[in-house]
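Input: structures, listed below.
The two complexes that follow have chain A in common; it is paired with chain B in the first and with chain C in the second.
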Partner chain A sequence: MTAIEKLKSAFVTALEISEQEVNDSLSYSEHPAWDSTAHMILIAQLEADFDVMIDIDDIIDMSSFNQAKATLLKYDENLSFE
Partner chain B sequence: MTNVHSAKMFTGFGIELTPLTLNDIEQVRQWRNHPDITKYMVDQSYINTEQQQQWFHLLSNRDDQQYLMISYKQQHIGVIYGKSLTSEPLLIAETIELGLYLDPESKYRNSILAFSPSLVFIHYLFHCCQCRKLLAHVLPHNQSAIRYNTQLGYEITGTDESGMVIMELNQANFDQAKMKLAKILRF
Partner chain C sequence: MIVLVTGAYGGIGTAVCHQYLQQGVTLVISGRNSQKLNALHETLAKQYKNPIVSLISDNNEPEQITALFKDIHQTFKRLDVFVHCAGSLYEAPVMMSKYQDIVETIQSNLTSSILLAQQASKLMMRTKFGVITFFSSVVAQQGAQGQSVYAAAKSGLEGLTKSLARELGGMGIRVNAIAPGVIDTPMVAHFSVEQKKQLAEKTVLGRLGSAEEIANVACFLSSPQASYITGQIIAVDGGLVV
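And then the complex of A and B:
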């Protein structure tokens, strides 16, 4: 599974939405499924799937699909979400 | 009657909980009247400034309720409150109902930080007071609150006569849920 597939899969699992809804415009203020519980599940999923431990400030700031990409790249510069 | 909690401040998981002051109540009123908050309240009526001041005056003379302002990085982000269901002082009440609402415009509202105030306040109620059970009545369409409460260890125990979902939390379930959430809320 590629990094982008893993990332999309984490969002699908956490937000319980279809893969078609996971795109660059997905953000916490734009989708009703993005609540505090979804955010918690998302972080747990990303930490497990990408084997990272994300700083709490980065966790709290992770409020969009694009932000998630940027955050994960910060922890592993070899990742590619192309 | 004196509010026994009036000088108490709670901290943990990155946030601070401080007793509500007169200076806070207009901000709280605006949050409370916001449609995103009101739609999940049992009482959905508009609250004017006079009603808010009257409510605060009554609150300051009660020890069976506690309203706390939630702050994160010196910014007010919401309110959490506990009410004794037996009119006993909160310190000795065995059954307490908890409520929470966050600034509807805040970016923290839908983040994991929303768990912090509940973790801090519930820990206090179970471990420093005599609370044995927390109770929540949630509107059935408020799935977000049901999911939120479930993450805190609450269990659905039924529905009341008006169709509200009844959820209950005991200390053992809370302590277990807290351990899980603390693995991510690493402050």
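And then the complex of A and C:
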């Protein structure tokens, strides 16, 4: 599984949405499934799937699918979401 | 089961460690004094065969809290139980309390609890299971002369307990606090026999509590027998507050 597939899968699992809904325009609070509770579940999912510990400031800033890519790249520069 | 105990070398913390080790858990002990932490580790390791990990951490330093949980993440990838025994008693009339003392008391008893719970719950969410147990005090409910600042911090901790229970319950994480009464630990070792007697007489049971009696409740709260208990402040005080 590529990194982008893993990332999409984490969003699908955590937010309980379809894969078609996971795209670059997906944003926190703009999709009804991505509320504060889902955000916590998403962070736990990303941490487990990518084996990282995300800092609180980054958790607060992670407000879109695109931002999630940037955040994860911060923790693992070998990742590629191309 | 992975259990983290902060303030592990304190009177109650040590009793909590023994109780959990008797249950066969993997124990992570934490505290800011490396000598005391190492001494406790040695004592426990002689007595139990369970894995024990010591992690030095000052809960008043946010970056050390982050580092503590990064270590736990790297070593175990999970955390099941977090018992926050660390805290500090501050006694002074409010008119005699310096700003720095007020800030430090709130920091060590309340702010640290919030930061630790942030990190602990993040690890627990992965498995959708976890138990967090804080330590409040009888003074949070009934107040105490000369302990206004301490009581304020502990009252805040009780609000934190109830709110966190609501926030995290849906993710299988239970949050409770124990409110000990007067417990016969090194914290009251400087009290005279007469003072201890007077305190004991204020309880319904007519005696001070032991650290083991507190540890029993901490272990119960994280056991399957307590699986429907969350958001509660459990007084363990011999009937001091009735």
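Keep this in mind: the second predicted complex is superposed on the first by the 82 of 82 C-alpha atoms of A that agree within 3 Å, B and C clash if a C-alpha of one lies under 4 Å from a C-alpha of the other, contacts with A are read in each partner's own complex, and residues count from 1 in each chain.
The rule is simple: a residue touches a chain if its C-beta (ideal position, glycine included) is under 8 Å from a C-beta of that chain, and two chains touch if they have at least 3 such contacts.
Since this is a predicted model, take the numbers as computed values, not measurements.
Peer 1: When the two structures are overlaid on chain A, which partner does A:I60 contact: first (chain B), second (chain C), both, or neither?
Peer 2: After superposition on chain A, A:I60 lies in contact with chain B alone.
Peer 1: Check whether A:F81 is in contact with chain B, with chain C, with both or with neither, and answer first, second, both or neither.
Peer 2: After superposing on A, A:F81 lies clear of both chain B and chain C.
Peer 1: When the two structures are overlaid on chain A, which partner does A:D35 contact: first (chain B), second (chain C), both, or neither?
Peer 2: So A:D35 only meets chain B here.
Peer 1: Report the partner of chain A that touches more of its residues: chain B or chain C.
Peer 2: Of chain B and chain C, the partner in contact with more residues of chain A is B.
Peer 1: Looking at the overlay, does A:A48 come into contact with chain B only (first), chain C only (second), both, or neither?
Peer 2: After superposing on A, A:A48 lies in contact with chain C but is clear of chain B.
Peer 1: Output the chain A positions appearing in both contact lists, the one against chain B and the one against chain C.
Peer 2: Correct list for chain A: 37, 40, 43-44, 47, 53, 56.
Peer 1: Name, in rising order, each residue of chain C that touches chain A in their complex.
Peer 2: 66, 69-70, 73, 77, 118, 121-122, 125-126, 170-171
Peer 1: Touching chain B in the complex: which residues of chain A?
Peer 2: Of all residues in chain A, those touching chain B are 28-29, 34-40, 43-44, 47, 53, 56, 59-60, 62-63.
Peer 1: What part of chain A is in contact with chain C in the complex they form?
Peer 2: 37, 40-41, 43-45, 47-48, 51, 53, 55-56
Peer 1: Please give the residue numbers of chain B that touch chain A in the complex, ascending.
Peer 2: The touching residues are 14, 107-115, 144, 147-148, 150-151, 181, 183-187.
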